[in-house]
Structure formats: C-alpha cells, structure tokens
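The structures considered in this document are given below.
Same chain, two partners: chain A is paired with chain B first, then with chain C.
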Partner chain A sequence: MLKTEELQINIGPQHPSTHGVFRMLVTVDGETLVDLKPVFGYLHRNHEQLGEVNTYLQNMPFTDRLDYFNSMVNNHAYARAVETLAGVEVPERAQYIRVIMDELSRILNHATAMGFMLGDMGAWQTALLWGMREREKILDMFEYVSGARMMCNYCRFGGVVRDIDDWFITELKKLMQGLPHYFDDFEGLLLNSEILLARARNIGVLPKELALAYSVTGPVLRGSGVAYDIRKAEPYAVYDRFKFKVPVGTVGDVYDRFLVRIAEMRESYKILEQAIEQLPDATGGFINPKVKQQSLKAPAGEAYARVESPKGELGFYLVSDGSGSAYRYKVRAPSFINLSSLADMCKGYSIADVVVILGSIDIVMGEVDR
Partner chain B sequence: MALLARGELRSILQTEMPNALDTRWDTQATDQPEAHGEGQTILLDFDAVVKAEALVEVAHFIRDKFGYTLLSNITAVDYLKQGLIEVVYQFYNAAEGGPDLRVRVRIGRSPEECIVPSLTPTWPGADLQEREAYDMYGVVFPGHPNLARIYMWDEFKGFPMRKDFPKTGDKYTHVTGE
Partner chain C sequence: MADALTQLGFASWLSVLIASIIKVTLILVGGSVGMMFLTWYERRAISYMQDRRGPNRVGPQGLLQPISEAIKTMTKEDATPREADRIVHFLAPVVMLGATVLSFAVIPWGRMFPVDLNAAVLFVIATGGLHSIGMMMAGWGSNNKFALLGGMRGVAQLISYEIPQVMAIIPVVLMTGSMSLQKIVEAQNDFGGLGWFVFSPVGLLGFALFFTASLAEGERTPFDIPEADSEIIAGYMTEYSGMKFAVFYLSNYMSNLAVCFITATLYLGGGNGPGVDALGGFAGGLLSLIYFLLKSFALFFIMVLIRATVPRLRVDQLMGFAWKFLLPLVLVNILSASFWVALLRWDQQWPQLTEWFGAPSTADATNWGRLAIAVVLTLLINAGAVALIMRLTNRNVQKHLYTTDEELALGLS
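== the complex of A and B ==
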C-alpha cells in the first residue's frame, strides 16, 4: 500500500470563504480531511464586559454589532431579556411590528446566506446577486423605519422607537408581491442543478442524535430532522397567533439545510401576510410610555430570553443587582455554538467541501467572537 | 418524559439524589438582599444547585428521565462579594419544547476550588462554551479534551471577565519612567 503523509494547512484567517476573520487549522491526508480545529478571537472585543459597563439602553446599539445581518432580531432578543428582567409590558402593535421586522430579517438572511454558500461552491454572482437584490429592498424598509440600513437600533424596552405608517405597509405589500417570484426563480435555477446536487448531497452529514448532542439550533438542527423551532416550542411575542409550518430535513446534509432555508423563507412570507392582516391600529401605541428608557433600573434577579434568530437560538442571559446596568450580560450566540459541530461534519470529506459545509452553517464572526 | 416546572427539579432531586444537592444556601433562602443599590448581588435559591462532583450524574438523569436532551447554554457568573463563581447550565426538552431547566454549580474563586467536571464527553456542544468559561472566568473543566484559551491569546494572564480584573491600564499601556 502506498505510504501517505498528513499535512497541516491553515485556511484563513484572511480567506474569502471563511465569512470574516476566521481560521481553520486543517489536517489533510491527500485531499481528505483528517482533523479540523476552528481558531477564532480575531474580532473579540469583550462585548459581554461592555454590556456590564453600559446602562441597559446604551447597550441596545451594541447588540446590532453581534449578528450584523439581523440587527432587528438582536434588538428584539435583548429588549425581551430586559423586559423579562424589569417586568415591562409591551403593547400588541409593537409585538406585531417586531414580528414583521424579524421575519423580514429571516428572508434577507437566508437569501444572502444561501447566495454566499453557492458562491463558495462556484455558482458565482447570480445566486448571490439575486439574494442581495431582495436584501437591498428589505434594507430600504429598515432604513425608512429606523434610519439605518444595517445598524437599526430599533427596539426599545416596551416597544419600538418609531411607529410604522401607511406608506410602510403599502411599500411592504409591493415588496412582498415580488418575493414569491424570487423564491420560485431561485429554487428553479438551482434545485435540480446537477452541480449543486453533486456538491451538496450527502456532504457534511450531521445525524439527528449528533445534532442534538452538539447543541446546534436553527436551520442546521432542523436540517438534521429535529423539528425544533422556538417560535413553536416556546412562543414569544405573538407567534402563537400565526399558522406556519416548521420545515425539516431528512438526511442532515448540506442540501437539506439549503432546502430548509428556502422553505423557511416561504413560511416567513406566510407569517408576514398574516401579521399585516392582523396588525392592530395605532390606538394601543407602539411603546409603553411608562418605561423610563434612559434611567431604567431592573430589580435584582436574573432573566433569560431567547428568540428564533435566522441562525438559531439567540438568547440573552442577564443578572441584575438592582442598579442601572447589568451585573452579568451573556449572549448565547447561535453561530458560535453551531460552529462546534464543524469538525465532526467535515471529517472524511474532501478539503473543497470544507468551505461549502462552513457556508451551510451560516456563521457571522461578529457574533462568534463577541 | 415530562416537562418540569421551575423549582420542580429541586424537590425531585431531594428524594431521588439527596447527595447531589448543594445545601449550603438552604438556610439563607429567606435572607433577601436589598432590592436596589450598587453592588448588591442576588443568589437565587429557586433552581437546583448541585455539587460539582454530581453534575455529570444529574445531567444524565434529567436527559434520560425527562428528555432534556439539548444543552443549550453554559454561563459563568462571578459573585465577587460572596466569593463564588456560579456556572449555570440550561437544558431544553427538544421533543416537547417549553422553557429551560437550569442546573447551577457554585464553586470558589481560588484556582484550587474553581473546578467543574466537563460535560463535553457526552455533549460535544459544550466544548466551545466550556473553553469560553475557562478563558473568561478561569473555571477549569477536568475531562475536557482541549481546554485552551478561545478568545484571548495563549500567553494572556488573568481572566478578563472576573469582577476584580482591572478595567483600566495593562502592561501595554503602562507608562514606565524611562
């Protein structure tokens, strides 16, 4: 038998397909991957310590920088944690507005995430640009309501900072008219592509039991066949009022995660339709006027609140000592914990598959490094 | 397989595994700290506080008996005034949903006491989170396959998230008299 030698290679930290400053120390035997160690911390700024120094409100714009694709969802999760801690009630209209923003975020995140993943595979430009086109339309809506495209800083404790108006609803309906075409076109272009099937099917398989042991959440867990979605498992905001399905995969490979994301965008579209339909009028207000935003003090205690972010379970764990800033502020970042399964998913596959598998987890380094 | 309400695990453990519970705080349960005021910290007595050596056993118990298969979150908290570090484990029932089940371990802050057995052999998802707790708080997890620093560089001294870690000035910014 031919004698082979193992070789260590660094993929990253500066590499276009690592989605940020991320390094993978891989050991390869020929083209086959033997071992992989994720190395990160290049973007570390001790976000959690900043959260313990800042007052509760000062920290809101900092949460935008965690997962900078979905700042609306980060704001929602953080606001929910502080509201649980301080016992703040949220008007119904604000809950609906938050749901609309969350679901728009999910569509834009999945559209770009799959675009990037397909770009890594070599389906360069078209898939990514189609995703970016839809994302840009949604970002325009975010800019209209919050003043910023990506760093929205939109939620406040007990509501949102600005109400949405008729113009927003009209434009949102216009935007949504185009979305099903995008879903269909995207699916039709790629679903039966032989190259995609060859690169994605039975690659990076994560079986059901292993996925649970690895604590992965979000589309990665559902791709492995576990129908676990926080919007159903522990409904928050007003998610218990909407009809939607939780799409799951069967094998747990890259292709399943891809399919789950497409199906989730369609489900988000359904939720958006229902949310616009049910949106209460402005009489109830969009923010709880009793809350002192600037000088909010939470009673001593602890709280954990989580939302289904597009990448998985995003949770904030807060401990308060009764003062105006958190005693302990911890972020349960989905892409950080989903990364722990990367080594196991990649072992035994070729080195060219590593970037595809990493793309299918959908990480964002602002959240991993914190 | 059933969902447990908050606080229920504590009474179950009292009958099933009395030796696993850490009873050091039972007498202080009524001793409520001031609700307001800087620096006051609260130690909750509501959830099950277990001894460090019994953690693995308890974690397997709740997984096998109640279906809490998803170990979602591991948080370390530094209670400087009480001289304690608390490690909070949050489990979820992946089949039935519902809120989390919290298991707490309270250990001392000195290097000899700051030790909790690792859950990584059973829950490989705990790997990076335990490394984070080690890097930021200095909690040592025996049984972890690769307990190295994760965010800070390997030569870094100290644990930056501890409450007594100086927030200003370090060896790089200190001005010497030269």
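== the complex of A and C ==
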C-alpha cells in the first residue's frame, strides 16, 4: 500500500459556500474526508443574555434576527412561549393569520434553501433565482402586513400587530395561483436529472438512529425516515384543523432531504388553501385587547413553547421571576442542533460533497450563533 | 487577397505579407471582440432563463457592457503574490491565450479559409492540448493551495477528455479521407448543401460525444471542476487579478467559441447550406459565413442552456464519465464508421474485395440502397451501444421516493 499523508484544510470562515461565517476544520486524505470539526461563534451577539435584560416585548424584534429568513416563525414561537408563561388567550383569527405567515415562510425558506444547495452543486443559480422570484412575492406580502420585508416583528402577545385585509387575501390568492407552476418548474428542472442523482443519491447519509441520537429535527430528520412533525405531534395554533401529510424520506441522504422539502412546500400550499377558506371574520379581533404589551409581567414559573420552523423544532424556554423581563431565556435553535450532525454525515465522502451536505442541512448562521 | 494586391502593383513578397497581416489582425480582433459580445450574449440569455434582465444599462440593450468591463479590468491593480513564481505567474495567461488564438488560424470561416492546413484537425487538437500547460503554470506559479488544486484538477480533466475528443473525430476523418478542415467541409456538401455528417447515425453519435468532451475541454458546466467556486474558490485563477485575470477569461471564452466553430465545421457542414453553391462567388461566400456563424452560435446557445440548468459533476464522477462512458462509445462509433465507409465505398476502399466478390453492381444495389443499408446497420450498432452502456451505468431512477406519515401508519413504507 502506498502511504498517504493527511492534510488539514480550513474551509471558511470566509468561503463562498459556508452560508455565513462558519468554519470547517477538515482533515482530508486526498479528496476523501477523514475528519471534520465545525467551528462557529463568529456571529455570537449575546442574544440570550439580551433576552434576560429586555422586557418581553423589547425582545420580540430580536427574535427576528435569529433565523432571518423566517422571522415570522421566530415571532410566533417566542409569542407562544410568553403566552404560555403569562397565560394569555389568543383569538382564533390571530392563530389563523400566524399559520398563514408560517406556511408562507416555509415555502420561501425551502425555495431558497434548495436553490442555495443546487448552487453549491454548481447549478448556475437558475433554481435559486426561481426560488428568489417566489420569495420576493411573499416578502412583498410580509411588507404589506408588517412594514418590513425580512425583520417583520409581526406577532404580539395574544395576537398579531396588524390585521390582514381583503386586499391581502386577494393578493395572496393571486400569489398562490402561481405557486403550483413554480413547484412544477422547480421539480421539472432537476428532480430526475442524472447529474443531480449522481451528486445527491447516497451522499451524506444520516441513519435514522443517528438522527434521533443527535436530536436532529425538521426536514433533515424526516429525510432520514422519521415522521416527526410538531404540527402533528403536538398541534399548536390551529394546525389540528388542517389536513396535510408529512413527507418522509427513505435513505436519509441529500436527495431525500431535497425531496422532502419539495413535498413540504406542496403540503404548505394545501394548508394555506385551507387556512384562507377557514379564516374567521374580523369580529373576534386579531389581538387580545386585555394584554398590556409594553408592561407585560408574567407570574413566576417557567414555560417552553415550540413550533415547527422550516428548519426544525424551534423552541423558546423562559423562566420568569415575576418581573417584566425573563429571568432565564434560552433558544433551542434547529440549525445549531442539526449542524452538530455534520461531521458524522460527511465522514468518508469527498470535499466536493461536504459543501453539498452542508447546504442540504439548511443552516442560517444567525441562528447557530446567537 | 494577395493576388489582388499584386495586381495593384505591390511586390509579390509585400502583397503576401500585407495580406497575412490583414488576416491575422482580423482574426485576432474579431476573436477578442467576438468573445466580449459572447459574454454579453451568455449573460443576457441566462438572465432570461432566470427571469431577470441581465446587463441592460450600458449602451443599447447593454451591448457596451463588455467594453466597460474591459476598461474596468485594465485599470484594476495587477497583484502578484509575494511568494509566487513571478515569471511563471506572468507567462501562464499568455500561454493560455496564445494556444487559443493559434486554433483560430485554421478555422474555415464559411468558404473564406485563412489557412488550409492538410492536418488541420491534428493542429486544432494540439493547440487544445497546450491549455493544460498554461493551467498547470497558473496553478503552480500562484503558490496557493486552491490554485494548485485547481490546476491539477484541470490538467487531469483535460488529459482525460482529450482522448474521447480526439477519437470522436476519427469517424469524420474516416468518412472524409482527409484531415483538412476544408476537405471535411467539402465532403458535407451533398444533397444541396445539407449532407452534414450529423444527419448520419455515425455523425450524430460523434457529434454528441465530441461536443460533450469539448464541454469538458472548455471547462463548461457540468464539467467546470477546475473553477468549482463552491469548492476551490476560482481554481487556478484564484491569485489572478486585473488584466491577467481578464486574459484567462478571454482565452476561456475564445476556446469555447473555437470549440463551437470546430464542431460546426466537423459535423454541421461548416458553411454549407442551401443556396451557397447556387449563389457562388463572393455572395455565396458571405452566405456561407452567415450559415457558419449561425450554426456556431446555436451551439454556443446549447452551452449556455446547459450552464443555466445542470449542476456540476464531482471530480471522480467526471473521470468515470470520460473513461467508462465516453470512451467505449467512441470506440463503437469508430467501428460503425468503418462499416459506413466500407458499405458506401466498397469499390474505392477495398479493391481486393471487389476482386474476390466482384464489383458492387449498380443494377442490384444502387447508391440509395447501399446508403439505406449503411444507415440501418450503423444506427443499430450505435443505438445498441448507447442502450447497453446506459443500462450498465444507470442509477435506477425512481420517482417519488418519499412516503408520508399516513402511508407509514398504514405500513406502506
């Protein structure tokens, strides 16, 4: 046998395909990866400490900056945590509005995430820009209701900050007319492409047991064949009123995650259709008027609330000592926990696969480093 | 042109010199300007595929964008890394561009041949091979891990793909009996200018194989491994900036253009087309030039379309594709090409056989009959080979691999 020498390479923190300031300390034997050590913390900004200094409402805009693709979902999860802690009722219309925003977020997140992954594979941005096109339309809707495209700051304790009107519903229906075409185009572009199959099939396999051991959630877990979705396992908001399926992969490779995400976009579309149909009229209000938003005080105790964010289980854990701000504030960020399985997914594959596997996990560094 | 100058009263050596200088200038300027607008063409085409507008601000429809970019790259700082091998670092882009420009010398521009070389095919292949030297020089001279990796990958790729590329041309040489590009174009002038090789089974497979291998030679998607930006930044170009970078870019696009020209010449009949012979003279030459450019740009459009669509292969898959897929098919194509030639030129090629079995008489097998037999035979061989190799290398494509939670509950997984 020829003796080969192992080489240590730094991928990142400044690298085109690390999706932010993320560093991978990679040990390679030729092109084959022997070991991978993820190094992060470059974007640390004291999020959890800030959450203990701010009042409950002041912290709402900070949650936008966690996973900046899905600020609507982050707001929802945080609002749910505080509502559980303070025992606040949420009007039904607000629940529906939150669900609509969550599912729109899911579509835009999956569209861009899959586009970025294909970009890492070398598909020259077409898939990405088609996703961006749909995302732009959704962001326009977000801007209309909340005033901001990405940092929405939309949820309040006991509801949402502004009601949606008829114009929004009409525009949403118009937007949704185009979505199935996008799904079909996106699938038709590359789904059965020989090159995509060669690059994604049996690459980055995460077996079911390992995924559970790492407590991976979201499309990564479902790609590994576990039908776990918080919308079904512990229905929050009004998710128990919708009919939708949870797509599950078979092998747990990059391709399965890709398929699961495309299928999830289609399921989100179904949920949106049902939510628009069932949306109660404005008589019930869109926010609980009894809640004092500015000076909300929660009774001493603790609460954990979680939602199915597009990336996985997003949970907020709050401990209150009865004052106006949290005594302890902890975020269970899906990107961070999914990222911890990266080393095991990558071992034995080549360097070119590592960037694709990283793309298939779909991380946002704002959420990994808090 | 030289004759016209001599008639004007120039000495014969002077007229030859002037004519050559004019031709060389035209090719060099035409090549670089053509390349500049090629980048514009590619960017606009990809933009429309991606639902955006692309460059449309500088000049009408953004046509002057490449010029503004040329000025920009020229005014940029030209940095050389401190630890780099300065001479090699400087020479690498020169070698790359030189090799590319050389191949332009033998391209038949329609019926306007700058140089008619009797081994033009070999010449084109040889100049293509020079690229690997420039790439390795750039990778080595930059003294950068990523550049070296990119250079090594590039050389490995060029060497692997040159073999199927060269062997894909052999059927054409067999069918023509010559290596001169001019003769090859002439051989495709039957059927009123439409007897292109691509319309025969041998030529069709050869065209597909040659074009695929040429994509890899020109480092185009899906074979753009040496510049895989998500893996190795910009490959061997990592440490280049300013005009040196622009020269790499220029050489890249010019070699892509050259590949399109060569493919159009070898398989799409060069400047042949309906009406060229009928017009004749200068008008016919002009029409043939238009045909030739149209064919070449159509080929370039296919390259752009591929770039906008597919991801790139991994480096080992790339090598596997060359050696396990392209090479066997190329060999089969040579076999069927020899059947083709034997059947159509029974009497010319194998006089011994005519002695033994008698001359193919036109009474029982006309040219059309023999053509039909040749088409069917080669089609069977080629289609069979393609089907067999596809089957051997196929990765069981299934639709809808995912199940859903409801199906899991029903025990369907």
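The working rule: the second predicted complex is superposed on the first by the 370 of 370 C-alpha atoms of A that agree within 3 Å, B and C clash if a C-alpha of one lies under 4 Å from a C-alpha of the other, contacts with A are read in each partner's own complex, and residues count from 1 in each chain.
By definition in this document, a residue touches a chain if its C-beta (ideal position, glycine included) is under 8 Å from a C-beta of that chain, and two chains touch if they have at least 3 such contacts.
Here the structure is a predicted model, which is why all the values come from computation and not from measurement.
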Could you say whether A:304 touches chain B, chain C, both of them, or neither, answering first, second, both or neither? first
Tell me which partner A:57 touches in the superposition: chain B (first), chain C (second), both or neither. neither
Determine, under the contact definition given at the top, whether A:322 touches first (chain B), second (chain C), both, or neither. first
Where does A:247 make contact in the superposed view: on chain B (first), on chain C (second), on both, or on neither? second
Per the contact definition in the header, classify A:232: touching chain B only (first), chain C only (second), both, or neither. both
Go through the superposed model and pick first if A:138 touches only chain B, second if only chain C, both, or neither. neither
Regarding the shared-chain residue A:351, is it in contact with chain B (first), chain C (second), both, or neither? second
After superposition on the shared chain, which partner residues are touched by A:31: those of chain B (first), chain C (second), both, or neither? second
Give me the intersection of chain A's contacts with chain B and its contacts with chain C, in residue numbers. 232
Spell out the part of chain B that touches chain A in their complex, as residue ranges. 33-42, 44, 69-73, 75, 77-78, 88, 90, 92, 94, 96-100, 122-129, 136, 149-153, 160-161, 167
How about chain C: which of its residues touch chain A in the complex? 46, 49-52, 145, 221-222, 224, 228-231, 233, 307-317, 395, 397, 399-406, 408, 413
Residue set of chain A touching chain C in the complex reads 9, 15-17, 31, 118-126, 129-130, 133, 189-190, 192-199, 201, 225, 227, 229, 232, 245-251, 255-256, 259-260, 263, 350-353, 355
Going by the contact rule at the top, pick out the chain A residues touching chain B in the complex. 40-41, 44, 46, 48-49, 53, 212-217, 226, 228, 232-234, 297, 299-302, 304, 313, 315, 317, 319-323, 327-328, 330, 332, 336-337, 339-341, 344, 369-370
